[in-house]
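Sharing a structure here in structure tokens format.
Labels A, B and C are assigned to the chains in the order they are written; within every chain, residues are numbered from 1.
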Amino acid sequence: MTERAELRGVLEALLFASDEPVPASRVAKLLEVPEGDVAAALSALAEEYARDERGFQLREVAGGWRLYTHPAHHPVIEQLVLSWDTRRLSQAALEALAVVAYHQPVMRQGVNAIRGVNSEGVLASLQEKGLVREVGRDRNQGNAVLYGTTRVFLERFGLKDLTELPPLSEFSPDAGTENAIRDRLSAIEGPEFEEEGGDLSVD
Amino acid sequence: MTAFKVRTEIFEGPFDLLLHLVGRQKLDIRDITISEIADEFLEHIERMKDLDLDVASDFLLVAATLLEIKAAALLPAEPDYELDEYDDLSPQEARALLVERLLAYKQFKNAAGALAARMESEGRMHARQAGIEEQFLGLMPDYLEGVTLRGLAVLCADLDRRRDVFLLQAEHVASMPVSLELHMESVKRTVAKRGRASFSELFEAGAAPEVVVVTFLAILELYKRGRIDITQDSLFGEIQIVHKDGEDDDDD
Amino acid sequence: MTERAELRGVLEALLFASDEPVPASRVAKLLEVPEGDVAAALSALAEEYARDERGFQLREVAGGWRLYTHPAHHPVIEQLVLSWDTRRLSQAALEALAVVAYHQPVMRQGVNAIRGVNSEGVLASLQEKGLVREVGRDRNQGNAVLYGTTRVFLERFGLKDLTELPPLSEFSPDAGTENAIRDRLSAIEGPEFEEEGGDLSVD
């Protein structure tokens, strides 16, 4: 394999795996390759994708290079997304989401401590659904993942930012309305989470 | 890339331990001694930096199960003694059964190893994590159907409070221990006054478990100091505590 | 553009946008194309990626097709994107999982019997991780829970379906091990009570 082909492979893998734009400078440093070579390879790759009419494109955006689906196929992707099945969240997932929303950034151990149970699977499922994401690492805790909520979460509740979350202090334990809410929330768990045909588990 | 971690060998069950022992030496079931199990255990503890309670209790479980198997091998075949699958078997049959079970276990242990290897290699391939592009977000199903922001807040407030209560209780236990000395005094007085008492008479009906435990400890301590005698007619029967005239009975 | 090249582009876009394996049947329905054509195109695409030494690969996993990075680039990805989940399963969990995978549907007692130890906690943890689920109840055994593996299990272990599990017979102890077990575990004979100085053992 030529050096150039090799560089292309690494770049593709990095772009594919990253969930944010990848700066050429960062890749250059990582691979110990001149930045110019990386930038040239990225440009070449973008051209190659366009020429070969791939289903995705490589674009340079603010902050680096990023893969996107080709706009020509967006109508089909829309249909695909619409066909995703609607499975509501389990009580366990809702609890974890509530804890992450109010205590972010929070480590998994933090969520475990508050919920009193292991929340590994639940957090993974919330990440898959785009409601929770990794927002950083705690260097003092062996680079433990810190979780926070996503843009999707904010949009779903019509929040501009996290400061708009209702303060927890408003929620006194025994007010009647809150009990009603509690009842409703606990009613959400139930047989709809029974899996069918080996489907993805919700929590 | 991989963290440097000393992996101590932990047995996953009696079969695992048996396999290990069989792998090292010729083994007669009757020769598995408690001391050998204890040695194995101590060896592992030494290799562990901190005592992991889970590991310790797992090991005890292993030891207990092995002893059960051992007991089955040792006990004379009394008709009223039932030990599940090992009863009604000749020694040769029991051995054959154990061998078959060990072989079956070994097969799954091998399969588990293959799964681990598979998982390892799968871990080197990464699916895309970026999630759906922004313009499709609105089309995603509403996983939070019926959930309000207020509902989430209530949930979180509840969970926080539950944890606070738990922490408070933990502190309460730590800061207000039940005094062994006080209970010893109390038991001693009661028994000295009445001459004898049964265990259940030493605390109120419905007493907290920790009170019962401390009362029991108090009895053991008094017995050790020669202040009382203890009798128990049957297994799990009522314990009788009898007063002994001590040379230093200075409190009555 | 040829029809085939066009199909390739759409497939790439759909695969790229999906956060789970995409069944060929689903794509066929979405595009109104015969399923056979879709399957053939997907296979061809997978081969093309491999031949061209792309940074990503197309694999058939858990009943669908999914893009993954090529394992050769794992070390670099690990450095750039720290978020990789390095969760491992304990030996106990792997053993229980192996029993469930091969004997499903299986009761907890079935798992206990093979492992020789209570597997309740391990099974609960495998359920929490979404690898194992309740697939039914055994009416003849007092409605005992029957366990089976999930689609997450297939994904996590890179299996198309359960038939891809290597046959259990492959894992039979080799002749040497088997003989060692048979020979070394000598007969359990009748009771022998010999007291030994201070030894707790009763043999």
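Criterion: a residue touches a chain if its C-beta (ideal position, glycine included) is under 8 Å from a C-beta of that chain, and two chains touch if they have at least 3 such contacts.
Quick caveat, the model's predicted, so the values are computed rather than measured.
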By Cα-centroid distance to the whole-protein Cα centroid, the innermost chain is C
At the largest C-alpha centroid distance from subunit B we find chain A
Inter-chain centre distance, subunit B versus subunit C - centres from mean C-alpha coordinates, in Å: 30
Euclidean distance of C-alpha centroids - subunit A vs subunit C, Å: 24
Whole-Å separation of chain centres (CA-atom averages), subunit A against subunit B: 39
Touching two or more other chains - residue numbers and ranges from subunit B: 126, 128-129, 131-133, 136
Touching two or more other chains - residue numbers and ranges from subunit A: 16-19, 69, 74, 77, 81
Footprint of subunit A on subunit C - complex, ascending: 1, 5-6, 8-20, 22, 26, 30-31, 53-56, 62-63, 67, 69-70, 72-73, 76-77, 79-83, 85, 87, 125, 128-130, 133, 148-152, 154
Sort out for me which residues of subunit C touch subunit B in the complex. 16-17, 19, 57, 59, 66-71, 74-75, 77-78, 81, 83-86, 88-89, 91-92, 94-95, 97-99, 101-102, 113-118, 156-158, 166, 168, 171-173, 177-178, 180-193, 199-203
Per the contact definition, I'd like the list of subunit B residues that touch subunit C in the complex. 1, 10, 12-16, 18-19, 22-23, 25-36, 38, 61-62, 65, 70, 72-76, 91-92, 94-95, 98-99, 101-116, 118-119, 121-129, 131-133, 136
Please give the residue numbers of subunit B that touch subunit A in the complex, ascending. 126, 128-133, 135-137, 139-163, 166
